[in-house]
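Look at the two complexes coming up: chain A is in both, with chain B in one and chain C in the other.
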Partner chain A sequence: MAVNRNFRTCPSSGLVFHEPAEKLIRWNAVAGVVSLLVGGVLALLVTLTRWPAVKLLPPDWFYLALTAHGLDMLVFWIIFFEIAVLYFAASTLLKCRLATPKVAWVAFWLMIVGALTNNFAVFKGDSSVMFTSYVPMGAHPLFYLGLILFAVGALVACFVFFGTLVVGKAEKTYNGSIPLVTFGAVTAAIIAVFTIAAGAIILIPTFLWSVGLVSHIDSLMYRTVWWAFGHSSQQINVAAHVSVWYAIAAIVFGAKPMSEKVSRTAFVLYILFLQLASAHHLLADPGLTSNWKIFNTSYAMYLAVLASMVHGLTVPGAIEVAQREKGFNKGFFEWLRKAPWGNPSFSGMFISLVGFGFLGGISGVMMGTEQLNLIIHNTIYVPGHFHATVVVGTTLAFMALTYFLIPTLFRREVMFPGMAKWQPYVYGLGMCSFSVFMMGAGTLGVPRRHWDMAFSGAILPHEFPGTAYLMMGIMAVSGIAAVIGGGMYLAITVGSVFFGKKIQTPDFKHVPVRQGMAPAPVPVAAAPSGHGSIGIGGFVAPGTFVLAMIFLTSFILYYFVNWKYLSTVWPLK
Partner chain B sequence: MSAIQPPAERLWWKQPLDRVEGTWIVIAFVWCMVMFFMMPYWHVYGKQNLSNEAYRTTPEAYLAKAQAMVDKHTVRTVTEQNIPVVHPVPGSDVYLVARLWQFWPVLELEEGQTYRLHIMSTDWLHGFSLQPENINIQIHPGYEHVVTLTPTKEGTYSIICNEYCGINHHTMASKLYVVKPKKG
Partner chain C sequence: MSQVPASPAPADDDMHDEPVPMMQQLIDNPFLLLFLGVAMPTVLYIVWGVMEIVGIPIAK
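Presenting the complex of A and B:
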C-alpha cells in the first residue's frame, strides 16, 4: 500500500499541506477559475445585450449565453472552488492526510466531464432553457446528463471530505474540537448532500423524460423539488463563504471567533432551516397554501436569517477584537480605519461581507416575504438580489481567499500587486452598483430573462418609463466595470500561477508521517474567561455594534417601505 | 488561536457570552419575529394577498370556458389580428389564457369592481406581470389559478410575460383596460 503521506510545511503561513490534497485543491481551483473565465465572457455578452442602447446579441444567442452564464458561474465555478475549500478546510487545517485521493480524482474527473457535457449541450444551441430548466420546456438529454454527472462527482467529493474528518480524528492530528472554519465547511458539505439528493430526485426523472422514458413531469412539482436543489445550493455558498470570511479574518488579523459557541450555533441553524428555502421561489405560484408558504419561506420563523445576522456581527466583531487587542482601541472605528485596506484579501472579504448583508441579505428577505414577493417575482430585482449574494458575497470572498492561496498553495508570488490592490474595489463596487440598479429597474417592473424591454415585434407592447431605461443603462455600465474587475482577477491569478516568480524554500523537506503529531494538549483552564479590558461600555466590539445598528435601521426602513408600496397596488385575495 | 485552528480551550462552550453578541442576538431575534408575524398579520388586515384557490384542469377544458366567456362578452376587437376585447360582468369569473406567445383575450374591467380572474397556461410556464402596477404571478400549465382582484384606477395597463418561454418571449405582451363603471 503506497499511501502517500508526504506533507510540507508552508514557510510563509506555517500551514501544513498534504501533497496529494494540495494537488487536488490546485486542480479544483483551476477548474473553477476556467469556468469563471468562460462565465465572465458570457456575462459581458449578456450585459451588453440588456443594455437597451446596445442590444448586442440576437434573441437566440442571448438566451443561449444567459443559460451558459448561469451554469458556468453558479454551478461550475462556485462548486469547483468549494470542493477546493472543503479539501483545504479538512486536510490542511486539520494537518491531516486526505482520505482516498484516488477517489477524489475520480470525483474531479466526473465533475469535469459533467461540466463539459452540459456546456456542450448548451452551446449546441438546443438547450437554451436557462439555469432552472423548468419543464415542460425541454433541453437536450445531454444537458441533464451533464448536470447529473457533475452532481455525482461533487457528492463523491463531499464524502472524501467527510472521510478526511474521520481520518483526522482517528489519527489524532489535532486536539479538541475542529477549527471553526472547518466546522463551517462541514455545514456546507452537509447542506450539499441534501442539495445534491434533491437535484438527483428531480434531474434524473427529467433526464428520463427528455429521452422519452417518462411521459409527463408536473411543472409545479418540478419547481418545488428543483428549488430544493437550486436554492439550497446557494446555502452551500453561504456556509462556504461565511467560513471563508472567518478564515480570512484569522489569516489577516489572527482573529479568533468572539465566541465559538455563538458562531457554531449559527452554523447549525443553517443546517436546520436553510433547506426550507425552496418556498422562496413558489410564493407567486398557484396550488400551494399560504400556511405552507409562510412557514417555509421564513425558514421556520427566520431562524436562518438570524444565523446570518449573527455571522454578520461576529465576523467583523472578531476582527475588531483582534485589532483592539493589538492596540487600535481608540474610539469606535480606529480598528477599521487602521485595517489593511491595500491587502486584497481583506478588502475583498470586507466588501463581500458588507455587500452581502446590506444588498443581498435585505433584498432576499423582501423577496422571501409572501406578500411582498407579488411586487418582485420574476422582475429583474431577482437577479439583482442574487448577484449581491452569490457574486458580491461568494465570488468576491473566494477571490479574496485566492490572494492568500497563490503564495501558500501555488508557491508563486502574486503578479501585478498594484492591480491586485485595486481588483476587489473595481469588482466589488462594480457588482454592488450593478445589483442596486437591477433592483431599481425591477421595482419598475422590468422582467428578468428578457431580450427586449421595448417588446420589439409585439402586437400590444408595453412601454416602460424612461427611468427604467436609465437604470438598465447604468446597470450595464456597472456590469462592464465588474467584468473589468473580473478580468483583473483572472489576469492576476492565471499570470501568477503559470508565470509568477516561484517561491523557493531553502531547507525544504518532506515530513513522512503525521499521525499522532498533534501538540500535547494544553492544560484545561478552570473556566474560560471572556475578553479583556478592550472596547467601550462593556462592549468589546462597539464599532461593529454601531455598524450592525445601521444595518438594522436600513433593514427596518426598507422593509416597511416595501409594505407601503404593496398597500398601494390593486387589492387581491 | 484563531478560527483556522482548533479552539484553544477544550471547554469553549463555557466561555461567557460577550455583551455585544448577546444584545445583538436578542435584537435580531425580535426583528425576525416581527417579520414573521407581519405575513399572517397582512392576511388578516392587508388587502394584497395572493389567493390559495387553484384547480387542476386540462388545456381543453380551460379553453372551452374562456371561449364561452369570449363568445358572450366580446365588445370589440383590437389590432389587425382581431384579438377580442372582453367586458365581463362585474363580480363574474374572468378567464385569461397564457400561451406561446400571447395572452388571450384582452380584458376590459370596471374601476372599483371585483372580479374572479382565472389564469392558466395551455403550454409552458408563463408569467403574469401587470404593469405599471407591478403585480407578478406565476402561471402554470394545468393549474387554474383564481385570483380575486379589484382594479382601483381607470387606465390602460399592460400584461407582460415575465417567465422565460422561448425565443419570442419578448413579444408576449397584452393590454388590460380599466374603465369607469357604466351608469344605470
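Presenting the complex of A and C:
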C-alpha cells in the first residue's frame, strides 16, 4: 500500500496526529495567520481614516484598504483557519488518517493562488469594490477569478473533510456517534458547501460579465444570491467557533457537554436555518416581498438564534459543572472566579463567548427584525454587529485555540507567556469596545463605508450630533487597542512557531497502520447518571442560569428599547 | 488478543442489539445532513427569492 498512514501521539494531550493531516493543518493555519497580518495592518489604516480627527488615507486608498481588509479578514484568514479546524476535527479527533492528502494539497494551493490573485487585483487599484462587490460596480476580472479559485479550493477541502469522516467510520476508529466537536465541524462544513455553491452561482457569471461575455447582471438578483455566499460565509464561522468553545471547555476543564442531545440538536438547527439569516441584508430592498423577508429573517432565523442561545448556555454550564465537581462549589460564581483567567485559551474563549452573545447576538436579532432594521440599515452599526460576531466571536476563539495548538501541533513552547496572558484581554476588550461604539454611532445614523462622515462639500450636507463624533473617536482608540492585541497575537504565534523552544516528542515514530497503529475502537464510556451533590437548590449549574437570566433581560430590554426608538424616528400619527 | 474477557461481551451484544433512535440515525449521517443543509436554504432563500425577483413586472 502506498497510502501514508503515519501517526504521532502528542505526549502532553494524548491527541493522535496523522502526519499528512498535521502538515496540512499547520500550513492552513499559517496561511490564515499571514492573511490576518495583512488584514490587521489594513484594519489600522481603515480605523485611522474613519477617525474624524485623523482621516489618515485619501478616499481612493481608503476604499482600496477597506476592500482588502474585508476580504483578507472575512474570507482568507477565517476560511484558511477553518479548514485547519476541519482537518483537526476529522483526522485528529477521530484518530484516523486524512482522506486523500494529495487532493487536500491541491485544495490548499488553489486557495493560496486564489487569495494571492484576489489581493493582487485589489492592490493594483482598480478593484476597490468592497467585500460585497455589488454590480454594476465592476472590478478587474482577476478579482472574481481569485475568489472563484479560492472557493473551489475550500470546497474541495470540505469534501476531503467529509471523506475523512467516511475513512474513520470504515476503519472503525471511533464507536457510535462522532464527537460533539467534530459534529460542530460537520455543521461548519455543510454550511460551507452551501456558501461556496452560492458563491459559484453568482461569481462565475459576474466574472464572465467582467470579461465581456455576459452583457448584464441584474443588481437585485446579484445581491440576493451574493448574500447567500456573503452572509453564510460568516455562519461557517459561527459553527466553527462554537465547536472551538466546546473543544476548549473539554481541553482546559475536561468539561463534558451538559446534554449531548441538546447540543447536537442545536447544531442541527444551525444546519437547517442559519443560512437563511442572509436575508437580513435585503430587508430594505424593494422587489422582495415581506413574506420572503419575514420568513427568512424572523421565523427561520429565530430557530438559529435559539441554537446559539443553547450553545451559549451549555458551554459555560459544562465548565461550571466541571469546576464544581473539582470542588469550586461555593455560591453562584466561585467556579467562575477560580477559573484559570491567566490561561489565554480559557480567557480568550470566555470573552469570545460573552462578547458574541451579548454584543453580536442581541444586535443581530435587532437587525434581523424588518421594522427595526430601518433604524440602522447601512449605518456603521452593521460593521459594529459583525465585528462582535466575527472578530470577538470567531477570531478570538481561533486565537484562543492557537495557544493550545502551538505546543501540541507545532511542538513549540509558547513564547512570551506573560504577553500571552494579556493578549485576549487587550484584543477582546478592545474589540468589544470598538463594536459597541460603532453600534452607538450607527444608531445615530453614521453611515458605514464612508470616507467622510461629515459629507464635506456635499450639496445636501448633514450635521451629526457631537456625540456621534465622540463615539467615532472612542471607536478608533478602541480599534487601535485591538490592533495592538492582534499584534501581540502575531508576535507570540510567529515567534513561537519559528523561534520557540522545540518540544521533543519521545514516542514519535513512523509506523504503518497494518502494524497496529490505526487506533482500535474504544467503547464509549457510559454517561454519568448524575452530578452528585454539586450546585444549589437542585440546579447543577446555577451560576450559568443566573448569567442566562441576565442575558435574557438584556436581550428583552434592548429589543424593546429599539422599538421605542423606532417610534421616535419614524413618527406615525 | 485472541482471548476475549467474559464479562464485557454481553454488554457489547446489548450495545449492538439496542435499536438506534431515528433522530440519532439522522444526526449520525453527515451526508443526509449535508443534503438537508443545502436543500433548505436553496429552496427557502435562493429559489423563493429568485422567483420573486423574476416575477417583478418589467416597466414599459
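By definition in this document, the second predicted complex is superposed on the first by the 544 of 573 C-alpha atoms of A that agree within 3 Å, B and C clash if a C-alpha of one lies under 4 Å from a C-alpha of the other, contacts with A are read in each partner's own complex, and residues count from 1 in each chain.
Convention: contacts are C-beta pairs under 8 Å (C-beta built on N, C-alpha and C of every residue); 3 or more make two chains touch, one makes a residue touch a chain.
These numbers were taken from a predicted model, which means no experiment stands behind them.
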{"item": "Which of chain B and chain C A:I271 touches, first, second, both or neither", "value": "second"}
{"item": "Which superposed partner A:F194 touches (first chain B, second chain C, both, neither)", "value": "second"}
{"item": "Chain B versus chain C as contact partner of A:L93, first or second or both or neither", "value": "first"}
{"item": "Chain B versus chain C as contact partner of A:G287, first or second or both or neither", "value": "both"}
{"item": "First, second, both or neither for A:A53, with chain B first and chain C second", "value": "neither"}
{"item": "Chain B versus chain C as contact partner of A:S177, first or second or both or neither", "value": "both"}
{"item": "Of chain C and chain B, partner touching more chain A residues", "value": "B"}
{"item": "Partner chain(s) touched by A:D218 [first = chain B, second = chain C, both, neither]", "value": "both"}
{"item": "Footprint overlap on chain A, comparing chain B with chain C", "value": "176-178, 218, 220, 282, 287-289"}
{"item": "Chain A to chain B touching residues, read off their complex", "value": "59-60, 63, 93, 130, 134, 136-137, 174-181, 218-220, 246-247, 249-251, 254-262, 282-290, 294, 298, 301-303, 305-306, 309-310, 313-314, 317-318, 365, 369-371, 373-379, 443-445, 447-453, 455-465, 521-522, 524-525, 527-531, 535, 538-542, 544-545, 548, 552, 555-556, 559, 563, 566-567, 569-573"}
{"item": "Footprint of chain A on chain B - complex, ascending", "value": "1-21, 23-25, 27-29, 31-33, 35-36, 38-40, 42-43, 46-52, 54, 56, 78-81, 83, 102, 106, 123-125, 127, 129-138, 140-145, 147-152, 158, 160-175"}
{"item": "Interfacial residue positions of chain C with respect to chain A in the complex", "value": "8, 12, 15, 24, 26-28, 30-31, 33-34, 36-38, 40-42, 44-46, 48-50, 52-53, 56"}
{"item": "Contacting residues of chain A [partner chain C, same complex]", "value": "162, 165, 176-178, 183, 186-187, 189-191, 193-194, 197-198, 201, 218, 220-221, 224-225, 228, 232, 264, 268, 271-273, 275-276, 278-279, 282, 287-289, 292, 295-296, 300, 523"}
